[in-house]
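The chains carry the letters A, B and C, assigned in the order they are written, with residues numbered from 1 in each.
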Amino acid sequence: MSWKLVLALALVARPAPVIAQSGNGTTRLTGRVPAAALPAIDSIIATAAAESLPTEPLVQKALEGSAKNIPADRLVNGVRRGLLQLRQARAILTRAVPGQSPPEGHVVAVAAALARGLSGPIVERLLTVAPNEPPGPALHAAADLVAHHFDPDSAADLLVEAHNKGLRGVRLLDVAVAADHELQRPGGRTPSEALAHVRAMLPNVRPGRP
Amino acid sequence: MVNDGAPDMEVVAQVLGGDGEAFGILIRRYEPGLLRFATRMLGNPDAAADAVAESLVRAYRHLAQCRDPGRLRSWLYRITGNRCRSHLARRHTNDISLSDAPPLADGSDTWAVLERSEQVALVERALAALPAEKREAFVLKHVEGMSYEEMATVTGARIPTLKMRVHRAREALLAALEEVVR
Amino acid sequence: MSPIDPRLQEALDGERDPGDLPADLREAHARLIAATQMLKATPPVSVAWRVMAEIRENPGRVQSDGPARRLIRWLGRPRAFTVRLRPVWTLALAAGLVTVLLLPWSNGGPTPGVAQGIASFVGHFPGARSVEVVGSFNDWSRGTLHLNDDNGDGIWHAKAVLPAGQHEYMFVVDGERWVPDPLAGRYVDDGFGAGQQNSLLIVRPVSSQP
């Protein structure tokens, strides 16, 4: 493996999307996005900027669709869908933590959770547990559990309990991993049994891999 | 030495006593139902065969942990259900690919005149469109013929939850079937 | 989807005689029962030989391995795959295998900052001429993160320093086949309307590692 390539990647690696807000990002799209789609996408990104929503996720979505050669109409719809998710995310955050303007990073994280299929009520519930902490890890942990067919409310219960027992940030991802491991144990544990086993372990869930 | 007709408890005892070949009796006994269940869950016979094979090997390896050999069937279905969920999670969707399914029949046809194969394809398509939990509940209830009590043992869900899933699955399937008749 | 008449539900649950139902509900009952009968066909396959072969080959109890050791054993075992041709964005070959690990940086490469982590991409693509990773961390640009198969065994790998947080990505095999990571463990709909999924990676900051 060429360390030069890795170093080059590290040097050009973008900051987390919440940070990169260079105007409306459309200069990055020129030459990448099909000309037919560029005006509509530019308009969507401008709308997001005017509404003080993060624009980087929309720029990324446009770049992704272009790289995948998505037809122009579906490309535009994909970016538009991203805008709708950002709006919905901010609405949820405003309800969950009233009186504060939600940080852009939190909006991006909630939008990502919605894109993974988490319901608004579950997201809102998890947000209210730790309103001033970055919500990404808890929401991804919940989405992981739901993706593995754990009941959403039970998943949220477990994560709330884990948080109450001192687990924060990426450690909540470990809780989801532990639950899936318990589910896969020989003898065929039910989801409820798996969650109960993890609950009994808290806070001593094995740290490590995502 | 047990014969093919021996009760599950006797066969399990024989296997745990060191006669691994006796496990073949259990495979022959439960494989058809497990394959049917997995095929309906995953929508793909190859994936279903993999899931069932993995489940049976796992069951053999951990047969001593089957707490009640008299309820072996529930235990095997629970393991297979978990494997199917893992396969679905790895496939990163709860939906079944329908790329190999034949196209839907023209809506002007009536149910009675559709060819048998088209009818089967319609039903399979309607089943595949259900969310995984509802699909599983419907298959266990109506295809595998389980009681709600046994379904609760297999899935770990409460009986009222299972009834709700089955009821919703029936509604979705009937709605899909009635679209053809209109 | 309309709710079914409770009498029909009762009949289907065996709590009411279907003969007691009015004509329209009896017809619906018959239609649903007919449909379930079609689903009762047993697939004309058997896995008995595979299972018994595995049992005879490894008659002893299998040790419980961690995911990494299972991965290593999986990689070392010859396997046959059924190949189905699929649309380009879906799994083209069943042989894709990826684990994202956070590994100690042991041989003098770039040191990640406190808000960065190390991602290791590994894929099993026998016969491939090239494999690269394309994702949100490189603006979905081709040609910036290539995997290497130094010894020609079909196992491709690369490491990268990435910002901590969420990243979406796919593999591009031989410059044309876009393949989601089948072992990423997390996926998200790409939002372009065709039900295709991106792999989702959550990079943990090195500072969070034990």
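Keep in mind that, in the parts below, contacts are C-beta pairs under 8 Å (C-beta built on N, C-alpha and C of every residue); 3 or more make two chains touch, one makes a residue touch a chain.
Treat the numbers as computed from the prediction; the structure is a model and nothing was measured.
S.K.: Testing understanding: with touching defined as stated, what is the shape of the graph linking the protein chains, line, ring, star, complete or other?
M.R.: Here the contact pattern is complete, since every chain touches every other one.
S.K.: Taking contacts as defined above, which has more of them, A-B or A-C?
M.R.: Of the two interfaces, A-B and A-C, more C-beta pairs touch across A-C.
S.K.: Which chain wins if you rank chains by how close their C-alpha centre is to the centre of all protein C-alpha atoms?
M.R.: Answer for the innermost chain: C.
S.K.: Counting only Cα atoms for the centres, state how far chain A is from chain C in Å.
M.R.: Each chain's C-alpha centroid was found; their separation is 19 Å.
S.K.: Indicate the whole-number Å distance between the mean C-alpha point of chain A and the mean C-alpha point of chain B.
M.R.: The computed centroid separation for chain A versus chain B comes out at 33 Å.
S.K.: Specify, in ascending order, the residues of chain B that touch 2 or more different other chains.
M.R.: Residues 61, 89 of chain B touch two or more partner chains.
S.K.: Could you list the positions in chain C whose residues touch two or more of the other chains?
M.R.: Those would be 185, 187.
S.K.: Can you list the residues of chain A that touch 2 or more other chains?
M.R.: Residues 147, 186 of chain A each touch two or more of the other chains.
S.K.: Within the complex, which stretch of chain B touches chain C?
M.R.: 20-21, 23-24, 27-28, 31-33, 35-36, 39-40, 45-46, 48-49, 52-53, 56-57, 60-61, 89-93, 95, 97, 99-100, 111, 119-120, 123-124, 126-127, 139, 142-143, 163, 166-168, 170-175, 177-178
S.K.: Would you pull the chain C residues touching chain A in the complex into a rising list?
M.R.: 64, 67, 89, 100-102, 108-110, 112, 115-116, 134, 136-142, 144-146, 148, 157-166, 168, 178, 185-194, 198, 200-205, 208, 210
S.K.: Quick check: in the complex, which residue numbers of chain C touch chain B?
M.R.: Touch residues, chain C against chain B: 1-4, 8-9, 12-13, 28, 31-32, 35-36, 38-43, 45-48, 50-52, 54-56, 59, 61-62, 82, 84, 86-87, 90, 180, 182-185, 187, 195, 197, 199.
S.K.: Which residues of chain A touch chain C in the complex?
M.R.: For chain A paired with chain C, touching residues are 1, 3, 5-10, 12-17, 28, 60-61, 63-68, 70, 74-75, 77-78, 81-82, 109, 112, 115-116, 136-137, 140, 143-144, 147, 169-170, 173, 186, 207-210.
S.K.: Where on chain A does chain B make contact in their complex?
M.R.: Listed in rising order, the residues are 147-149, 183-184, 186-193.
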